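Okay, so subunit A shows up in both of these, paired with subunit B first and subunit C after.
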Partner chain A sequence: MTAEDRRRPPAPPADPRPISALGRGDGPEGEHGAEAGQSRPDQGLSSERTLGLEQVLSLEQALGPELPSLGRWPQTGPSPAPGAGRWAETTARRLVTGAGGLIVAVLASVALFLLAQGWPALGAGAGQLPAGATDFWSLAWPLAFGSIWASALALLLAAPLATAIALFTVHYLPRRWRPLLSTAIDLLAAVPSVIYGLWGLMVFAPLVAHLYPWLNAQLGWLPFFAGRPSATGRTILTAALVLAVMIVPIIAAVAREVMAQTPVGSIEAAVALGATRWETARLAVLPWSRSGIVAGSMLGLGRALGETMAVAMVLSPTPFWVSLRLLESTNPNTVSAFIAQTFPEAHGLQVNSLIALGLILFALTFVVNALARRVARPRTVRERPGGGLGRRRPALAGASLGSGR
Partner chain B sequence: MKLKLVAVAFAGLALITGCAANETTPPASDGPETSAASNQLSGALAGGGASSQTAAQEAWRAGFQALHGQVTINYDPTGSGTGRTNFADGGYLFAGSDAPFSVADAQGDFAACAAGSDLVEIPAYISPIAVAFNLDGITSLDFDAATVAAIFSGAITTWNDPAIAALNPGASLPDSAITPVHRSDKSGTTENFTDYLSQAAAASWTWPAAEEWPAELTGEAAEKTQGVRQTLSTTVGAIGYLDASQAGELGTARIQVGDDFVAISAAAAAAAVGQSQLEAGRAATDVVVKLDRVPTSGQVYPVVLISYLVACQQYADAAAGELVRAFFEYVVSPAGQAAAASNAGSAPLTEDATLEPLVTAAVAAIG
Partner chain C sequence: MTQQPLTLEQLEPLELQAPVVAPRRPSPAPTATPPLRMTDFSASYAGRPAVAGVTLDIPAQSVTAFIGPSGCGKSTLLRSINRLHETIPQATTAGRIELHGEDVYGPGVDPVVVRQRVGMVFQRANPFPAMSIRDNVLAGAKLRRQRLSKTAAAELAESALRAANLWDEVKDRLRQPGAGLSGGQQQRLCIARAIAAQPEIILMDEPCSALDPISTLAIEELMATLRRDYTVVIVTHNMQQAARISDQTAFFSASALRQPGRLIEYDDTTTVFSHPGEQATADYIAGRFG
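Showing the complex of A and B:
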């Protein structure tokens, strides 16, 4: 027993400190890592696993997972002074609880409003609906298709580009240039959509219109590029391209933050094995940030689904139109653009039907967000190279966070 | 500030009375009544409806408020249908509408009106609709109704189609594709354009007149007049229809009437209204024109939009009636029509000798 006791103290140095200290020099992950290390002094895990776990935990925090309940925090923090300190503590707790409750209440009231006001439109007949529709679903489903189709196209175009931008920023660009590019990307994300709409309508659409006849001639055998190409360029492909430009900065920003948290140990391990820069990215950075990229893409998809102004300004829509063709003048409209275009002159049941369309959009974005949450909280994370490829790690979400405390 | 306003009001007044004095036909009571009321009128006048009138309404509001500084006029361009609904519900004291109330609806109840009151509808805004196109080096082409219908229904797809070439023997037409552009939103312009096609080209245009473009017809769609204009001016080979005042540098079509081709002008548009019949079965104050889209001769441009101003003949609230009458009197006055003509490119009602007295009488009856 005594011999064992004496042998124990030297054990901690095998703990992650030296290795993770390497990683802490590098931006925000250091803070997260330190925080996680502080609050989890009782970890009895192997060095590799602990390092990975810490990083995953910080990733979880970056992506906004469930935080532990507020009530537990005072135990680890400095104990509050009696009197004023306790008062501040309760006030703060009430305020933040109120804020949390408020957002749930707002969400619930929006959902209730959409349901209550949209409900009467579901039974509306001919003459009561906008665009001369005969029943609600014949109006709604082409619009829902248009929303999904345009957003999916935008995502297909934006996700690879944004990933490449993020990888370049984090992995290829010299460190001192990083803030510059990051700021530029963040600025792009802040441009109002009406600006993108104007630019798309007046500059971009006439520009790509010159490209469409060529695409049509080369790829016309594909159903997507068949038909008569639009001379104005105001097609669903243009709308999707403008949407893609709008969501690239969002995806790139999230992907960049996640990639920046790739464990330096993983990268060094890859480099030590003789990996080139691209191989390092492929073996260490991309597997690590996969869930972050997907989560960012879902955020972008959510914005693309709800985007109104840019689509309304760029697209040439036709009601009740469903087609996979990308280059024609006749295109399906999107839900949000249709609502915005029709609402100013709507009256009676038409207003209710527009609200019901809003409900459909709400449900769509809700599904996308739910998917994003699922993906952002992976059941398994691939081990980094050398750490036992293919080994599966148990879920790291709230459950393990809670059990650690 | 106040002094300035009064000065502007007097200047405007001098202008009005000056103009009126030059006219030969205005009712004798018009001039003095306006000047007497100018210092007493006050209050707010809420109206709304057809968005086609927006530019004209801005001109009228500015002109009227220069005369009556105490009166606030709001015109909400919500669309004709909403305008009529809100007027019937009493939300608006007056409405603008590209389509008049039907004969049956006109006899219904209106919340703002006194019981048993007639409806007042006047064709206050008459504007030619241009068939405009973007072709390099061509500023004018001749069309007949059947060709226009064929282009917009997609039957004719290239500019050098024999049908177009036959009408324009001198023009060097390109072999490029035609891109017809229509309005994607509900619009009085679309209704009047499709009304023209369904009457003048009944054989090839089988869709009824409607504010929304026929859903079976595909093609390029743009939102509002500005969207159509933008699309036309950036796309070579595009053709569309829009308010003539917005056609700008685009080429415009001359429309065949009888054996002639008539270019767009305010006078030709007014003539189209003047040659038309009044719709039967309406009250004397309900001046609704049944537009004849197929005139057989003369300098008449048949692709015309008429937008109505709607009011009660007798208001439940007498003060409201006085406000509306004063405003409408200004609108149909030479000054009001001239302001709309310069701001919105409309055809002055005053150029039409048959309609003008009817409208003036209808407005004078408002109380």
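Showing the complex of A and C:
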């Protein structure tokens, strides 16, 4: 914010009417919008919403950095007393600036703590590390592998299932049942992980333990399913399955919201061409929501990587174990579960090594989140069908859409 | 009044009195089955009728314009022809719409099949954004589960793009995304997509309302050639456009707010615009309401 902005007189409340009027389609869209709004009140994936959003976006573009100067807008009510307005303005600005600064400070302090406390462990030798490790990296690498392996498996299982659930909710389920299923999914996302851990340990693991010998017999020729299946079922595959159950609601919720935003125009284009329901999904809904599904998956992957309790309860780990086999009773451990299991008895440099492991986990999730951002970003600048509003220059559009989309 | 056929270039854009299109057979021969026949057709949203009691025949290889003020149900009527209306929750219909003598609302009729027989072009161009220009054109044809060989697909894409007057502009970039085209080109791409599905009739819901005058002219020129092979029904808010491009004009209006729209007058475009039979039509055309 520039000094000039600070000196600007307090902005009187903007007349809300222009925005809401545009949202109802009385703007440049004119009569069609109005007609749609009045005569098709319950339209599925409402066109009004797309319309409204586009117009708000174009409004934002038009106003651009001048958006704070709402004072120029036509006023209806009496303007507030200048003194009171200035006080509220200043207080509000300080509060929100403080909130923004606080989160950056917390993040920096966590990163600093991990770096400062974890650093000594990198040079630690035999006898100073937990689990009898001889050097830090021989301890860290199997655990990092375990975290990535379990999370990747979970993602592989969860992403298609979550996409199917979201597609069913938005595209197949009758409108009146939609809130019910959406609520159920959101509720699942809110279940604490210790409950998933209990359920995985006491119900799910014994259940799948019966299944694993069969899986081993059928698919044993694949290296993943080879070896001697575990009798308890507390394997890396079970942990991955529990993780998958935990992240399905997250991915499904994100995918559902993105799918619900599919432009009515695209859907009607497919339907009018004589597409069946599945063909409409393939032509319109899935291409539109692809980047959103990927972003949701990355969110889920982030949670799976960091998940501690459920894995610690379900998995029966073997120290320093690295293997791609899914069904055996020897399994790699994950970083977070190892930290939680080892910390109570740790002392001296062992504590530092656990913090260094935390740093590795921190970096891993950071990378995943950064990837998710990269993937999610194109959505906001993508061409809107219909040209006109917000369409990018063809050369640009060709370049970015041509590559891997 | 001139008798010689006019080309579009010669037309004055705002000319209202002159018959701007060379007259064609004004009404269908009573014995032939028209490509599209509506009998006492009504369409409602959640019990509120949007358009009611429409009976009309649309002759083959002609352009029929639906005009009328907002909210008179002409778009609803158009969307009922390919059963798109019913995709909206609680939308209902009554009466008959026959496509070459076959009731599209008859028992056991699959709406998917109806929609494959009827092409539609929307108000806002809606090419599939993730698809190339070529794939956009072929999308409908592929849905009909035709096994298209590479050469057949290329030929179909070319002929449809030529028919939509777009070939010369895109022939060098068929693999590029359709969303990279201009608004007018996107709309012609959508027309090509409709044509490539080989429909029996083509519906257009205000196809030019989001376009600039140059792109509008390109679409209007295209309609003049489409008329040779296709039966076209177009909803338009632009009376000059209706006068320029259509052979028949149907005027719809509602008697009052919240009343269903009704067909007020349906005739040869020349007649509707020069000697309207109803006072409401004359008032609307003269710009006294709507």
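What we mean here is this: the second predicted complex is superposed on the first by the 298 of 405 C-alpha atoms of A that agree within 3 Å, B and C clash if a C-alpha of one lies under 4 Å from a C-alpha of the other, contacts with A are read in each partner's own complex, and residues count from 1 in each chain.
Convention: a residue touches a chain if its C-beta (ideal position, glycine included) is under 8 Å from a C-beta of that chain, and two chains touch if they have at least 3 such contacts.
In this text the structure is predicted, and so the values were computed from the model without any measurement.
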{"item": "Partner chain(s) touched by A:319 [first = subunit B, second = subunit C, both, neither]", "value": "first"}
{"item": "First, second, both or neither for A:268, with subunit B first and subunit C second", "value": "second"}
{"item": "Contacts of A:348 with subunit B and subunit C, given as first, second, both or neither", "value": "first"}
{"item": "Touch count on subunit A, higher of subunit B and subunit C", "value": "C"}
{"item": "Which superposed partner A:287 touches (first subunit B, second subunit C, both, neither)", "value": "second"}
{"item": "Partner chain(s) touched by A:231 [first = subunit B, second = subunit C, both, neither]", "value": "first"}
{"item": "Which superposed partner A:131 touches (first subunit B, second subunit C, both, neither)", "value": "first"}
{"item": "First (subunit B), second (subunit C), both or neither touched by A:276", "value": "second"}
{"item": "Residue numbers on subunit B that touch subunit A, as the complex places them", "value": "51, 78-82, 85, 177, 179, 181, 184-186, 210, 212, 215, 218-223, 227, 230-231, 234-238"}
{"item": "Residue numbers on subunit A that touch subunit B, as the complex places them", "value": "131-132, 201-202, 205-206, 209, 228, 230-232, 234, 312-313, 316-321, 328-330, 341-342, 344-348"}
{"item": "Residue ranges of subunit A in contact with subunit C within the complex", "value": "30-32, 34-35, 38-44, 175, 263, 265-266, 268-276, 279, 283-284, 287-288, 290, 382-383, 385-388, 391, 394, 397-398, 401-402, 405"}
{"item": "Interface residues, subunit C side, partner subunit A - complex", "value": "45-46, 48, 50, 70-71, 73, 75-76, 82, 84, 87-91, 112-120, 122-131, 139-140, 143-144, 173, 176-177, 179-184, 186, 190, 193-194, 197, 206, 209-210, 237"}
